[in-house]
Each structure stands twice: as structure tokens, then as C-alpha cells.
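Quick heads-up: structures coming right below.
Here come two complexes built around subunit A, the first alongside subunit B, the second alongside subunit C.
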Partner chain A sequence: MGKHVLLVEDEINIIEAIQFLLSREGWKVDTHSDGATAVDKVRAMKPDLVVLDYMLPGKNGIDILTELRADPEFTRLPILMLTARGQGRDRELAERAGVSRFMTKPFSNTEVMTAVRDLVQLAQ
Partner chain B sequence: MARDALTGTRIRERRAMGGLKQSDLAKQIGISASYLNLIEHNRRRIGGKLLLDIAAALDVEPTVLSEGAEAALIAALQEAAQRARLPEDESARAEEFAGRFPGWAEALAAAHRKIADLQRTVETLSDRLAHDPELAASVHEVLSTAASIRSTASILAEDKTITAEWRDRFHANIDADSRRLADSSKALVGFLDAETGEAAPSGSPQEEVAAFLSAHAQTLEAFESGAQDPESIVGQAPELASAQSRHLARTILDRMVRDSAEVGLADLKGALSVHGPDVIALAAHFGVSVPHIMRRLATVPTLDAGLVVADRAGSLLFRKDTEGFAIPRHGAACPLWPLFQVMGQPGQVIRARVQMPTRDNAVFDCFAAAEPVGPVVLNAPPLLEATMLILPSPDMPGAHDLPTEEVGSACHICPRSGCRGRREPSILSDGFTGF
Partner chain C sequence: MISVNQLLGVSLVYVAFLFAIAFFAERASIRGKGSWLRSPTVYTLSLSIYCTAWTFYGAVGYAARSGMEFVTIYLGPSLVMIGWWWVLRKLVRIGRAQRATSVADLISARYGKSNLLAIVVTVMAVIGVTPYIALQLQSVTLSLSIFSETGQPDSLSQQTAAFWVAGGLVLFTVLFGTRNLNANERHDGVVIAIAVEAVVKLVALLAVGIFVVWGIAGGIGPMMERIDNSSIGEWSMDRSRWAALTMLSAAAFLALPRMFQVMVVENEDERHLQIASWAFPLYLMLMSLFVVPIAVVGLDILPAGSNPDLFVLTVPLAEGQGGLATLSFLGGFSSATSMVIVATLALSTMVSNHVVMPVWLSTQAEGAQVSGDVRNVVILARRASILMIIFFGYIYYRLSGGGAALAAIGLISFVGVAQFLPAMLGGIFWRGATRWGALTGLLVGFAVWVFSSLLPSFGPDAVLSAAVFEQGIGGLPWLRPQALFGIEGIDPTVHAMVWSLSLNTAVFIAVSLVTFPTPLERLQGAQFVNIFDHSTQARGWDAALATSEDLMIMAQRILGPADALALFRAEAQRQGLTGHLPEPTQGFLQTLERELAGSVGSATAHAMISQLVGGTSVSVEDLMAVADESAQILEYSNRLEAKSAELSRTARQLREANQKLTALSVQKDAFLGQISHELRTPMTSIRSFSEILRDTDKLDQADKTKYASIIHGETIRLTRLLDDLLDLSVLENGQVSLNLEHGNLHAVIERALLSAGGAHTTPLRIDHVGADTDVPLCTDLDRLRQVFINLITNAQKYCTAAEPSLTVTVLQHNGGLQVVFHDNGTPIPADARALIFEKFSRINDKDGSGAGLGLAICREIMARLGGDITYESRADGNAFIVHLPGQVALAAQ
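The block that comes next holds the complex of A and B.
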């Protein structure tokens, strides 16, 4: 069984595309679309990696990231953040909050897959 | 090289531009061709009558020869040199360059001016992108949809083993996303065209009417005084591209005619000096309804008031913006606006001090009231229309006694968290500090 990824994203078509890509390479993929309960989901599932959207209903990606990094169990959890907000300020906020990798939309599939592989490998 | 030392070069350039031979010019002004040759090669100083004669022969102002290229050209070249961080001694040679190569100098200066213009445009758009939530929403929508299409299309193009079920699903996703992209791109272009002042057809009749009212503010004053009739204004307005928008504009103008007949602008200004913007006192003064007075107050230039009118379904029928109070162009407005509170109590007037989530937390004094509209029909509930006047000054008498209520523009562009009125997630979930 491959590694376990939790995809936290609210754009259904992006979810389907990324889920397909990861599943095709043998990853176990779970998806979640609600920002407000995303931290609970991570705590419950304990994935090997989280792909996290910046803009989510209920709670934004930065707040989720900050909350996860405050939990000793998830300080080293690889988190790839995807965003359509490419402003430098957003990247800075994400980096300060402890993001592992920051990627702006529209991204290429190769970029996403390379980032996912790199992050999991680095965490091992 | 000194400025006057290049006079000869300019004479040579001008003579050549006119297709005049050196010997012919020399003959015309009564000097030898060899002496003119020395002048043209800046080996003899020139001034006085001889300069005037040469200028007359070349049909130019003497200053064109004596002062060379215009000061603006020199200034533009020096600015270009500074921007390019040329050494000071290079920058100081701008005039020499302009004198020796006027064509190239003009081209360089024009390119520099164009770059400066484009930089200003980019700065303006960047600033707008950072601080205009509607524009940020449009860009976010375009980028998200593009991400989905790009990812899905790549899978279809690269994966030859994909099952028919997945292939069909991805085709359907691309189809849906491409429509969404077309719509969001159109909306984005609308914003950018509005920024550059181009008259772009907008997405809805309400938007066209808003553009029309904004573009014809002066004409509408003339129209209120009876100088123009609604039909001619509507017929000539390029902003009103659709039959629906023309109909809507005519309805609004007809109402303005009726409103202004009972409450003239001059009389209203007089009453304002007595009552201030007290909508109930003003309505009693003129013997009209409170929404009527609100509509009239929105036309008083010194108040700079906003106005929004909605029907019972929540559709915004009319909007007049005021700075800091963003009235959404698309979709539903903030449900916490006093505008929607009065729907349940026609005749009741609500005054509320509201704060918008702008960078400076702008506060507004709002009045709202609803009234029945349309013909009375037996055993049928009346159609309702709610009107809200938005006064930008928070220091109106009595305003400080009211609690300040936090409201927004529309959920999807509102950064407030934990809002009881939220219907959908915001793209600005970390507020303006995130920009």
C-alpha cells in the first residue's frame, strides 16, 4: 500500500484531477472540502502528507496550517499548499506558518507530483 | 559639448531634411559654401542676424536651431539615462545625443515615455488587484478554473490507459470548467476595461444601467431641470446595450422625473440646511414618503450618498455607489444590511451605523425603509421595495448614539470570520491584511 495523502480542497474538479493522479501512482487518497473541520480530519487520519488549498470554506489554509504546526504531532507533517493567490505576502504568510511547499495555480501535474514525492521522501 | 556648439549640427540636419544643398542654402543667405560648411560642423560660432537668416531660409523658428531639440526631449532622455543607471557623464550627453541623432533620440524618448505609461498602468492595476475585492475574486476564479482545466487536460493528453469512465468524467469537467472560465474571463475583462476607461458591455442590465447613470451624471441634472427627456437620453446612451437595460433606465428616469417634480433639488438643499439629512423630517416637510426623500438625497452632490434599492427577492434594482461602501455587482448582497431588515416591516424606518471591512474600517450612517410598489390587487400581497440611503459621514447628529454594526459587501468577498450572516465561503478569509 502506498503512502496516504489527505487532499483538502473545495474545487471538485481539481479534487478529481489530483485524486486521479495520486491514485494512479498508488497513493491512498482521502479528500476533505471543509476548512472548519480540516484539522480534526488530519488528527483523525494522520496522513503521510496533506495537500492543502489556501481558500477554503470555514477556515483558510493558513489558519489550518498554523493550528497543525502548533500540535507537536504534526510539526514535521509534509504540507503542500496550493493557492490561486500568488501574492508575495501570501507566500510569506504560508512560510511563516510552516508550509513545506507553496505552489500557485494553475500548476502542472508534474509539479504537483514531483512536490508530493519530494516531500514524502524528505520526511522519511 | 555645449548646447550652442551644436547649432551647426542642427542646421545641417534641418537642411538635409528639407532636401536643400549646402551651396544653395549658402547662396540664399549670402555666405560662401565653405563658411556654411564650417558652421554646420560646429567649427564656427553662429548667432545674431546670420542665425535668423538661416532659420528663415530653412523655415524654422531660430530657437529650433539655437536651442536644439525641445527641452522635453532632453528631459526625457536624461530621465531614461537615470532609469538605465548610466554614469553621470553619459547622462550629461543627452543633448549632444539629441542634437546629433534627433530621430533616434525621439524614438528613445518615445519608448521611455511608453514604458513609464505602462509602468503606471501596471502599478494601478496591481494596486487595484490588491485592494479591490471584486477584482481579486475574478482573478481567483480565473486561476482556479485554469488550474482545473490544465490538470485535467494533461491527464487526458498524457494517459493513454485511462478508462472510459474517467475519460468521460474528465471531458465533462473540462466542458463545465471551460464555460466557467469563459464567464469569469469576461467578468475580468469587464473590470480591466472599466479601469482603462473603455466602454465595455457589461454582464447584466443592472450593470449597464449603473454604468449609464455614472457616465451621465451631468446630463441627468440637466434632464431633471427639464432640458432633456428620458427617451432621448436613453436612446443615445452607448452604455445601454440591451433592451432590458434601456427599459430599466427608462423606469428609473421616469421615477426621477416624478420624484424631482415633488422635491426639487433647490428646495431640497434649502430643507437640508434646516433639518439636516433627517429623512423623516424631510419627508414630512415635503409630504412625501421616506424612500422618496432617500432617492432625492442621493442626488445631492454635497452629500456624496450611496443608494441601493432591492425587491423582496433580494435583487438589487438600483445602486449608486459611495466610496468605501462596496455594493456587489454580481450575486446577493450582505444579508445584515438594514436594507433587508425593513422588508418585514413596511413603513418602518431604520437608522443604523454600519462598519464596512475596508482597510480603514469605514463607518456609514444608513437609513432604510420599505414601501409597497405597483398597483393594488385585491387579496394579493403588495410588491415591496426597500430603499437604503448610505451617508458616508459617521458624524451626523445622533449617529454616535447608535451601536456600530459590522456588515460587509457580499459573502464571497467579505473577510469577516464567524459572521452570523455568512452563506458562502470568502476568498478573503484572512482579510485585507493578507494583501
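The block that comes next holds the complex of A and C.
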């Protein structure tokens, strides 16, 4: 398939895990761990999908999401948000900001991969 | 020549005639046929008691001694009557509205019915008027002595005569002044008698004057020549004395108790004042018309050394005019008696009402206050007061030796009673005037008067020693009675007047400004100052429509327009009238009063209605009730205010508690979010990699090992996190028990370095300064070591320098100790410094191994140990400073 994924996450072990899972299925994976420059990174790379952590240094996931959705180019970009905060309010905030799928850590590998596949198919 | 006996006979007949007039006037008045007694003419003539024997005899003497200055005594009252007519009208209106019976009553009523003030005014009035009464006795006895066989004043017979004259005056005053008790303190008989006397004295003086001008001088022309050639013609005016005396006589005219009696108390109709305002100055002008001619002729034809005070008598006698001299004597006699009678009457009212009665009532059981009882006591008190006052006058006459010039004695009295003026005028024009202002002003003015005028009048060494006159009290030159504050060379009368009145006024104003009036004083102040707004002299009670309208306006203000209109319309319909204005019948007024009482209280409602309808002003009882109501309302509102303050305090506390709870709740949410994040993050890795290991068949050994060690590392991280959280929770809840031990600070640091184990595994170079010094201390050594380990591992983790180093130094500071951990890493950004000791704050946490709880735990531990931990940014790195308090260090020594 060769689709292009940008993974915005600051926990190295989680980056390692997700990167392993995606590359194994033939995805091209780029990683980025700074929240403050995440939007620029998306603009520059124009990925097919963004996996976005909620808590990032510099700027949190909701703000990044809001900023991306404000850009006409990315209104339909599939964005999967992951959070470890596990609070109902966060899901609400993310959905209002226009998230494509919201998932609470810890997730099962199958769950993540299914979500990623669904999102990319839906976008096509 | 007329003998003294003949003269006494004439006097007796004249007195009998006065008795008869007074008696018939009283009878007519009681029968209700006395309206003629209360005409403007009688009112104007009664005012002439201002002209006493002093003016009758003394004016001529004054002119002979001091030229035209005597005019000031007439000028003051005339100016008041003409120019200050409106002040008099206000005074009369207030006096009548308040039913004031005397000056004392008026002043006390104004200042909240203060009995203390009434007593002070009464005592001052008695003392102030005493010289005046003595003056009358003196003038009558002097004039009698002229007719005696020897023609020379004989001191013994004079004193006897003075005694009998005093006795006669007591008798007349008692008979006509206290025959009955009238609620309004009016005395028809007395007033008509003094009106007759006013005519007699005017006729007598005019007769002597006409005789002098046309009988002796030979007409107006020659008379004017004589005047021009006399010493009086050469008289030059002393401006300051002229102005001061004019002012003084004006003040006395307003403040003299006897003037208040005839002008206000005996006033039947306010409109009489309008006529008196021109008629009385005219009377005064006639009285003064022939003063100068009589004085000039007297000086011309009588031997040098003759008493000029008696020229009115001696000039006709010298010309052999016995009949004219007798008439003149009667004129003088009239002047003296009318003044004494009215003055005594006024004073006795004050003494009995304000001194005797309160004392008597306070000694009585309540049951004894039956009206008949009180009546007799009042009459008895009046009579005793009359006797006492005239006796005082007699004593003063004896003490002062009867030698002083008449005018001089009169002026002493004038200055004395003028002290009432600031309190009176202040009271009717200034709402800010207070009881204490009036009281202190009066007392100060009075004291100055007694010292600078009354006591000196007895002469040196009589009361005040000559030394006091020369050197002042206690040798203080500024306390000389006739040169107060060292100001010399002023005429004694002007001196006494200026000092007493100006100090009186100044104290009155100053004290009024710094004291606060009582509610009743406020009400009375408003009643007095705004008398023309409140009283209803001009409004007729028969004008029912106007009254209804007024009632309507008042009701609208209190009940609101709609309710008031409904009430009035309903009543009008009930009365069978069209429109909305009913007749103000008794029943309606009662209904209205009830309605108003619901809003403003019954006393106020009653006072308001009676003001509009009754024509009477508000009574003292009404005012008291109003004051009580106001006080109650005030108290109620104070309570409400206190309640509302309490409520708002509670509300504020609740708001603060709520804010605190909200903040706590936000903190709790943030904390839970953080905990969740810290727990879920390693779990995510563990789950993900364990699934990978489970589900992936073709993993090489290296990957397997790598993923297993990740899982291993993350479980350690989780365990450490749980340990930290529990530790922090224990510390924060204060459940931690400290294990106090003695030890050496450097040994603790050394062990921490070992535990951190960094010295050989990381590139961080650690320099422990003074490691072998002994710094004893007593604290929980394990906990302190935990803090040190934390700081050391932080330095190991986060020090980013190329050659990382950490220096540990111990400092003595203010009796305590400081352990400084100084690394050479990049200083923490300024905006993050405030947060580093907060939970879950991870600055520069590259590998994510820390939960951000370490420094928070350190801070909690140091707080438990009684110390603190702070951060300082240094030019070459970061410094964490552990502060140990004095007692930790000292305990070991």
C-alpha cells in the first residue's frame, strides 16, 4: 500500500511499538516528538494519516488538531488521537475539535491497526 | 416746694390708679371682653419698658457727661425694630409656636429641652439683671431725696426709702404677676398697667422738655444757640464706643428677659409687630427728643456739681415748677416700677419653671403630682422668686453704694444679658448649633462678663482687690479684669463686651462644630430654623379646600400617589362630594392619621396632621415621641445593617470556600489526569510489546531481548511511580513519623553520594567540599539522605554540560545550615522555575523516566523536617539549596 503515516508522540517506547506495527504492514512511518512544531511538520510532509498523542511537550494534541482543521488542506485528513489521560472530557474536546478517531492508552495492537486501516480507506 | 410726704401721697394715689387699671383689665380679660387690651398700641407701649429709669433720668445725665453718646441706647433697638424686623418676627413666631415662656425656655427648647441649659440661662439672667433692678431702686430713692427737706442726699433715709420701694414693687408684682396661672404666661393686667406707665413717662419727659425749651430757653432758636455754646455741642464722636454701644443696646433689646416677656410671651398677634416696628422707634425718638436741651439747660442754670442724672427733676424744681417736678417724678417712678415688675415677672417664671419646679418634682412621690398641688407650689415658687430677685437687687444697690452713674450700671447689665444672643440667634438661624456649643459659649461669655464687668463694678477692694486690677490674678498681667490678654486702653464697657461676646460666639461655634446634636435637638433645630416652613400662622383653618389639598399632597408623598388618591376619592364619595377632595372632617383626619401612621409611625403622623390642620405647632410630647420613633427606627436599621453585614460576611466566606473547592477540584482533576497518564504510558508500552512478542512468530533474538527489556524497564518505572506516589501521599497527609537521630551532615551527604551511585557510572564529576568536617545535627537522617539522593540523581540525569560537574557545599546561615547542590548545567528557564517543585512537572525530561515527583517529595520532606528547599539560577548553572533550621543544627551541640 505504501501509505504515509506521521506519528507525533514523545514516549520513545510507544514510538518504537507503533513504528514496528505500521512498518510491518508496509506503511511509511515518520516520527515527530515536539508539539510546538508538529503542525509545520504535517504541512511539510502532507501524510495520508496522522497518529497524534494528546500530551506533548510545547503544544498539546487538541491545539494541534484544531490548528490543522482550520487549514482547508487538512479538514479531511484522517487523524487518530491517542491519550493516556483517560478522561471522558478529553474525548469530548477532541471530537469537537474534529478528531477522526480517539483511542485511550493502553490499546491493543489489533485495535490500533484496524483503526488506521479504516481511516485510510474512509479517506479514499 | 413739695414735701416728700406729699410726693409719697401722690405716688400712692398713682399706684392705686395702676392697681385699679390692672384689676379691671384682668376682669375684662377673664370675661372675654379684653380684646382692646391686646391692640397694637398697647403692644407698642408695653415695649417701652425698654425705657427704664435709666433712660428717663440717666439719658440726660449721660448727655451731660458724654454728649450725644446716649443716642446709642435708643439707636440699637430702633435699628433692630426697623432693620431686623424679620428676626423679631421669627423670634415671635418660634416663641409662640413653642409656647416659650421665657428666654431660658426658648434656649432650652431649641437645644433639645435641656434643663441644664435652662438653669444656666436662668442663673445668668438673674445675676445679669440684678444690677438693673438695683439701678431702678437707686433712681427712685435718688429722685425722692431731691424732694427731702434738706435737699441733700441722706444715705440712711435713702436706704430706708429704697427698702420700702422694693417692698412696694414686690407687692405689686406678686399681686398682678401671680394672681393666676395662665397656660401661656400672659398678664393682661400688668401689660395694660405698663402701657399706661409708658404714656405717663413719655408725657412727663415731653412736658419737662417743652418747659425747658419754651419756658426757660425761650424757643427753638435760642435753644439751639445754647446747645451750640455748651460743652455738648463740642462733643466729638468716639467711633468704636459709638458702634459698640449701638450693638450692645441692640443685643440687649433682643436678649433681655423682660423684653422677651413683652415682645414674645405677651404678644397676642404677630401682626402687632408690624405696627410696633415703626411705632416703637417713634416712641424712642420722642423720648430722646428733649434729652439734650434738658441736659444743656441743667448744666447752665444749676450749680456746678449737681447730679446730672436728676436734671429732669431738679430743673423744674429750680424754676419753682412743683407740679411739673411731680409729674416728672411720676414719669421716673413709672419707668422704674414697670421695668422692675416685668423683669421680675420674667425672671420669676424662669426661676420657678426651671429651678424650683424640677427640684420640687424630683423630691415628690409620683402620687403627689395632683394638679391643685402643683398649682399652689408654682404660685408659691413664683412669689418667693419675685421676693428673692428684688431682694438681690436691693442687696446689689446696698453693696455698690448707690454711687455709680445710672448709665454705667445699666451697661453692665446689658453686657450680661447680651451673652444670650449667640445661643439665641445661632439657635434660630443655624441648624448646626448644639447644646454643648450653647452651654459652653454661655458659660465662657458669662465668666468673662463677671470677671471684667460685674465684679469690677463694686469698685476696687470690694470683691476684687486693687492688686488684681493693677497686676491681674496671681500677678498675671493678661488676667487684669479691665485689660484682658494685656490689651489696654479700651473703654471698660467696650472691653468687657468685645471680649465676652467674641469669646462666647467663638466657643459656641467651635463646640457646636465638634459636637453632635441629639435627635430631639435636630428636630427642634429644624423647627426653629425653618419655622416659616412649618408653622401655619398665615393659613386660615376655615379654608377647608386648601387644607384638603395640603393633606392630599402630604398623603401622596407618604402613601404614594395612587393609594392617596384612592383614599381621598373614597372619602369624598362617602361624603357625597364629586372630585377627589373630601371635607377634612374629624373622622377623615383620624382615618388619614392611621394610614400615615402605618408608614411613618403614629407620633410622626400625628405631628404632621396637627401641623397641617391644628394650626398648633408640634408639642414637646409629639417631638419626644417622634424622637423615640426615630431612635427605634435608627436602632432597627442599625440591627438590619449589622445583620446584612453578617450575611455578606457569610456570603463572602461561602464564596471563598467555593472558590477553594473549585480550585481543589481542578487540582484533583489535573492530578488524576497526570496519574492516569503516568500509569497508562508505561502500560501502553508493556501491552504493546507483550502483544508483539506473543503474536509475532518470526522475531529475531535481538528484538525479543530488546522488547523484553523495554517491558522490564517500564514495570520498574511503574513500581517507582507507585512508590513515589505513596511516599508523597504519606508526606502530604502528615502521617509520616520522623525518626530523629544524631549524626554528621557530611556523613549523610557521603552516604547519599554512594547510594546515588553516580560517581563511577556517569560522567558527572562530584565535588564534596569539606567532606571530613564534623557538622553535627539531629534530624531524620534517612529522609534527609532521600532528599540529597534525589538532588544528586537529578543532576546526573539533567546536567547537560559537556563536562558535567556537581559541587556540594555546606554553609552556616543565620544559625541554621545550608547544603548547596551546584551543577554546571543549563539554567532552568525562568518561566519554569516556579513549577519545578510542583508534582508531575518535568523540565527537560528527555527519556521520560521520571514521573516529575522527585522535587515535590523533597519539598514535602524538608517541610516535615522544619526546613526548606529552594532553587537559585546561577550564571554557571543551577543551585538547589537545602535549608536546615537552627534547632536541627543546635540540637546536636
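Everything that follows uses one rule, which is that the second predicted complex is superposed on the first by the 123 of 124 C-alpha atoms of A that agree within 3 Å, B and C clash if a C-alpha of one lies under 4 Å from a C-alpha of the other, contacts with A are read in each partner's own complex, and residues count from 1 in each chain.
Here is the rule we use: a contact is a pair of C-beta atoms (placed from the backbone, for glycine too) under 8 Å apart; a residue touches a chain by one contact, two chains touch by 3 or more.
Not measured: the values here are computed from a predicted model.
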(Q) Contact-wise, after the overlay, does A:11 reach subunit B, subunit C, both or neither (first, second, both, neither)? (A) both
(Q) For A:62 in the superposed arrangement: first (subunit B), second (subunit C), both or neither? (A) first
(Q) In the overlaid three-chain picture, which partner chain does A:70 touch, first (subunit B) or second (subunit C), both, or neither? (A) neither
Q. In the superposed model, does subunit B or subunit C contact more residues of subunit A?
A. B
(Q) Under the contact rule defined above, give the subunit A residues that sit at the interface with subunit B and also at the interface with subunit C. (A) 10-11, 13-14, 16-18, 20-21, 55, 84-87, 104-109
**Q.** Partner subunit B, residues of subunit A touching it in the complex
**A.** 10-11, 13-14, 16-18, 20-21, 24, 35, 55-60, 62-63, 82, 84-87, 89-90, 93, 104-109, 112
Q. Where on subunit A is subunit C touching in the complex?
A. 10-14, 16-18, 20-21, 55, 84-87, 104-110
Q. Once bound in the complex, which stretches of subunit C touch subunit A?
A. 669, 672-673, 676-689, 691-692, 695, 710, 713-714, 847-848
Q) In their complex, what parts of subunit B are in touch with subunit A? A) 130, 136, 139-140, 143-144, 146-152, 154-155, 158-159, 166, 169-170, 173, 176-177, 424-425, 427, 429-430, 434-435
